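Below are structures written as structure tokens.
Two complexes follow with chain A in common, the first pairing it with chain B and the second with chain C.
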Partner chain A sequence: MKQYLGNKNAIVLFLAPALLLYSVIVFYPIIQTFYRSFFEWDGLSEASFVGLDNFVKLWGDPLLSTSLKNGFLFALVLVVFQIGLGTFLALICADVTVKGRKLLRTAYFIPVVLSVTVVCQLWLAMYDPDNGLINKIFHAFGLSYSQNWLNLPESSIFAIAFVNAWQYMGFQFALLYAGVKSIPEHYQEAALIDGAGKWRAHWYITLPLMRETFKFCFVICITAGIGAFVQMLIMTNGGPGTTNYTITFMIIRNAFGANQYGYACAISVLLVLISLIVTIIINKVFDERREEAR
Partner chain B sequence: MTAIRKIPRALMQAFLWFYFLISLYPLIWMVFYSLKNNDEIFVTNPFGFPNNLRFENYVNAWNQFNLPRYMGNSLFISTITTAGVVIFALMFAYAIARLRWKFRETVRIYMIVGMFIPLQVIIIPLAILVKDLHLTNTYGALIIPYVAFGLPFASIVFYGFLRGIPYELEESACMDGASIYRMFFRIIFPILTPAVATIMILQFLGTWNEFLLAYILISDEALRTLPIGLIYFQGQYATDWGGMGAVMTIASLPMVILYLFFTEQVERALTVSSSVKG
Partner chain C sequence: MKNKLRFTGLALAAIVAFSLTACGSDKKNEGGSASESPAASASPSASASEPSASAEPTPAETVKLKIGARYFDDDTKLPYDYAIAELKKEMPNVELELVPSQQDDNQKLKTQMATGDLPDIVDTDWSLMQVAKKSNNLLVLDNEAETATFKEQLNKGNESKLIAPDGHVYAYPYAGIEFQILYYNKKMFEDAGIALPIKTIDQLKEVSKKFVDKGIIPLAIFSKEKWIGNALLKGFMTREEPKGYGVLNDATEIPESLKLAAGQIGELQAAGLFAKNATNTNYDQASALFYQGKAAMFINGQWEIPNAHKNMGDGVDWMYWPAKDEATYESTKFAMNGQGDPSGFAVSGHTKNKEIAIKVAAFMARKYAEYKFTMVGNPIVSIKIDKPAQVQMPKMLERLSTEVIPNITSFAEVLSSPKVGLAIDDNSQNLLVSGFTLDQFVKNMNQALKDK
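Take a look at the complex of A and B:
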């Protein structure tokens, strides 16, 4: 048996395709990104080593603060909408007396399976200043309020982030719903018997027990917000002007627009570091809560 | 006190249905306007069911633009990718979960790292790599990276399933004199059918809708996948909302139908994904 499962040929044969593909296509580029961030390089000619120059340049890039601000605002919208509202909906929907739960859950999830391009174009139509659904609804209620939603420099980032929040709400909802359902019902029953109201019971019993789910949801929302790109590309192309730039937008523009591959790699490194730090902070915050609860 | 609690209860449930509308009505509005002309969309009937169903929008959308081509590309790329991910990930997972050798734990962790790397971070070296491998503007430029990116998650899920299988299966196969390859395909593969189905659906959905790589790595019009091809309709169709709506509806239908058929599997896949990554 030991020989059977220790068959050298079989081990190599089973491992080789996956390991080779992964190493060449995923792992090697990770190393390359870090390595190339210290070079000035246009992707074609000889790269020249410039030390930390790319990072110094990045620090002084006026687009960096715009991009970071947009990333965090995007993340904020996702957290408030998907986790805030999502948790609320999940708690109500988990109640077994609610009718049509299956239908509700399916309907919430349908936007998730659509292509992001379809969703962005649908919302371009929704936001259309003259004929879009949103301004039409205001008109239908007799309000003369109408806006060019995507063209206002201060608020267009919210309009764009909302599209992502709307589309992937169902995903977060499904995770949160599964989280609520995983908690044994007698926990809440005990709290109710002790005289706590339903929402008090949720606040003190259900939500703290969903810590692991929340941790996962927060990491997804915040890293997705900081890395946002496609919605901006399709809906406003980073504009008006450069007001909707994000970190990923900077990476793509510098690499494939301006051929500054080394600089774009430096921005990528920054993105990895920010994502990593955010993940660590979220883990720490939720683990400390657990300590307090004990 | 109880009376006060009862009112919010009805209100809460109404809220669930209110969000139901927010979630679905934009899509219903899209399907409606795909069957209208501009006059009806803009002026006479912006919200409701079309007055007369203009199916010609669909005929035009299908005939005038490259929609069948893009759909074919997406279908081909997604199918090959899904098959590749399932086969390679299953073999890899089998090697690290069941076969006996020294560094399998190290190799497993090495693979997991890939699950946490955002795609946009490695896209620059990847684009250059694709060029160096002479894959630019071939199906391989997408299929090979898609398979590679699908491997970590699929492998870890299969690994979890494989750890739970009793070793007696292999033992009896060994006694019967079946080769390890025969045993793998005849015994292990069938046992993992539920996990394979889950990964297949998730992978197919993800590949069909993938945007960033397809946007960066493909410039040839004939090789565009659906999400990329659709961006270019926008310009051509700016004045014809009905036609644009028809294109978007056709593009969305396959995945919505797939989801409605496999609701359970998709939800199970989600819970698996959160427990693997969490």
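Take a look at the complex of A and C:
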């Protein structure tokens, strides 16, 4: 090993393929996106340099506030449902006294392997205002509470976010379950001997020790929420109107609908920056907590 | 050691990134600016042909051309196959290689333009032409002999299908100016005791209430596709303003005609004209509602007629768009909401066989129109066809042919701003949902008109 680390040629040789691939697929497009965001460009003709005009325009775009609000609401639903419920289920499945936990573990993961289109179609049928399962359940219980779930401007984003949350909860669950299992069992045993209840022991021992796992889960959930797109596209096509738009939807609309690739690049830059800032904040918050715990 | 590794990694990444950026720059320069390109001169078609003029083959040589055309269902495959069979008879030395276009808002064609792989001939529309003309990807056909012939053959009122709003010819059209109509189930109307025709918005509101009371959806609309809501709004607007959305090209704020039409849709929505789930309903679902007798009316283009006839026989007919009052209904009955935006077969600005490609493009457009008229019985084609229709025309098409087409007073005009078009798409869809007010519509549209 030492011999390899001392050999610079070997380091370059082994790093180069991955680095090249990363540069071509990730780094170069990001650089190009930043560069193109300073131009007025329709994707084909000669681009003209407009400086920060695209960003100024973006600041005044009424769609931005709708998209940002939807992105953060989407992220909130993912955090509450996927991390909140995922943690609870992970703790249950890690408990050796719970019967059928292997079956539960598999069941929670099944939606993850389904096609997103299939899942969206399933929920579209369930949300149908006239014949959908959800409204029918209310009717069956004699309740008049039936909703036009996907058409209500104030709540449709929650209905859509829930579909993503439901489908990918199993993924977060798998990460969190692995996090729980990585904690040595004798910590828990010691707490129980000292008289702590099971949930109290989880609160004071298991959860704080899962900090790194939570950090990763939060980053995934929040960045996925801010950049959400597929569920909106399939279920409502961003509508009614632009009610369910997110930043990604804005990018698609401007690049492929309005032929404003330069402006779309500026929106992409904003998305990248927001995701980066959110990731930095999450890292900071969790690192500070770790320092406090010490 | 750690620092050296870090430095090596960073240096390598920087070299790769900068070398790739350099590649990108070269590519950009090759394209050249619109003003520098020879094809951007007053007669771009001539300029574009100059480098390849000497490469034109003699008539006996086999010429291979690529053609980008839609080819995925009977509507698109059969006219293509017909035109190809005719081409073999007329120009046996021409071989066409099909590069199928996708239903992807022209993304494939735009990519082909960007990479220089655009087929020699391409079936295009106005939105693509606007991008392509700026980047010199299409020939301007103004001075071609085929264009002069095409102009002579055009059906009355179809000039805007050939001549773009900027006054140039970029493609040879085969379709005529298509428009949207309201289909209705004759039996359901009869059973409900509704007198026809429905001439006013107030009458349509009453009809909506009657059907809602009977548990029937008054109008099935596939508004998950935003263009149909846009067409609905234009249908009502054209009753007040025959130019339709064309008036928005110079407007800086919403005209009264559009405001009135939006208000009318709002009132109809409140009267229950649309299903609760209208904005999440796709074409298959909406048409099934109509054809299965769960909806009394259906909105789509006149191209739906063969399908409607196949599903319902003589049990279906179409009606004119209602207006604010009977006088307006009568006076604007034949102002069609369809807009004559240019479309059809265009020729790549980079083709090596310019003369032949132009001839083939015009030929294909003529044969497509011929097929649609003679084999489908569709009278809405761009040019006059001197052959008789070989199929029995559905009654609804016959009505269109005899009652409407000879009496058309005007067609709506093309809206040139894609941005305003998107705003209409969004806001017309909003009108189908309760809670969206006319004030919001006006505010949103004024903003879009200001920013266009």
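Operating definition for what follows: the second predicted complex is superposed on the first by the 267 of 294 C-alpha atoms of A that agree within 3 Å, B and C clash if a C-alpha of one lies under 4 Å from a C-alpha of the other, contacts with A are read in each partner's own complex, and residues count from 1 in each chain.
Note that in this section a residue touches a chain if its C-beta (ideal position, glycine included) is under 8 Å from a C-beta of that chain, and two chains touch if they have at least 3 such contacts.
Quick caveat, the model's predicted, so the values are computed rather than measured.
Asker: Give the label of whichever partner, chain B or chain C, reaches more residues of chain A.
Answerer: Of chain B and chain C, B contacts more residues of chain A.
Asker: After the superposition on A, what does A:45 contact: first (chain B), second (chain C), both or neither?
Answerer: second
Asker: For A:15, decide between first (touching chain B), second (touching chain C), both and neither.
Answerer: Both: A:15 reaches chain B and chain C.
Asker: Of the two partner chains, chain B (first) and chain C (second), which one does A:5 touch, if any: first, second, both, or neither?
Answerer: So A:5 meets both chain B and chain C here.
Asker: May I ask you to decide whether A:202 touches chain B, chain C, both, or neither, giving the answer as first, second, both or neither?
Answerer: neither
Asker: Please indicate which partner A:241 is in contact with in the superposed arrangement: first for chain B, second for chain C, both, or neither.
Answerer: In the superposed model, A:241 contacts chain C only, not chain B.
Asker: Applying the touch criterion given at the start, work out whether A:257 contacts chain B, chain C, both or neither, answering first, second, both or neither.
Answerer: second
Asker: Where does A:174 make contact in the superposed view: on chain B (first), on chain C (second), on both, or on neither?
Answerer: It touches chain B, and chain C stays clear.
Asker: Return the residues of chain A at which the contacts from chain B and from chain C coincide.
Answerer: Residues common to the chain A contacts of chain C and of chain B are 5, 11, 15, 19, 22, 24, 27-28, 32, 43, 124, 130, 256, listed in rising order.
Asker: How about chain B: which of its residues touch chain A in the complex?
Answerer: Of all residues in chain B, those touching chain A are 5, 12-13, 15-17, 19-20, 22-24, 26-27, 29-30, 33, 41-42, 46-47, 88-89, 91-92, 94-96, 98-101, 107, 110-111, 113-114, 117-118, 120-129, 144-145, 147-149, 151-152, 155, 167, 170-171, 174, 180-181, 184, 205, 208-209, 211-212, 215-216, 226-228, 230-231, 233-234, 241, 244-245, 248, 251-252, 255-256, 258-260, 263, 266-267, 270-271, 274, 277-278.
Asker: In the complex, go through chain C and note every residue touching chain A.
Answerer: 1, 4-5, 8-9, 12-13, 16-17, 20-21, 24, 28, 31-34, 105, 107, 110, 113-114, 130-132, 134-135, 137, 224-226, 275-277, 279-280, 418-419, 422, 426-427, 429-430, 432-433, 435-436, 444, 447
Asker: Within their complex, state which residues of chain A touch chain C.
Answerer: Those in contact with chain C are residues 5, 8, 11-12, 15-16, 19-20, 22-24, 27-28, 31-32, 35, 42-47, 62, 124, 128-130, 148, 150-153, 235-237, 239-243, 253, 256-260.
Asker: Which residues of chain A touch chain B once you look at their complex with the stated criterion?
Answerer: 1-2, 4-7, 10-11, 13-15, 17-19, 21-22, 24-30, 32-33, 36, 43, 85, 89, 92-93, 98-100, 103-104, 106-111, 113-118, 121-126, 130-131, 133, 136, 140, 166, 169-171, 174-175, 178, 197-198, 212-213, 215-216, 223, 227, 229-230, 233-234, 248, 251-252, 255-256, 261, 264-265, 268-269, 271-272, 275
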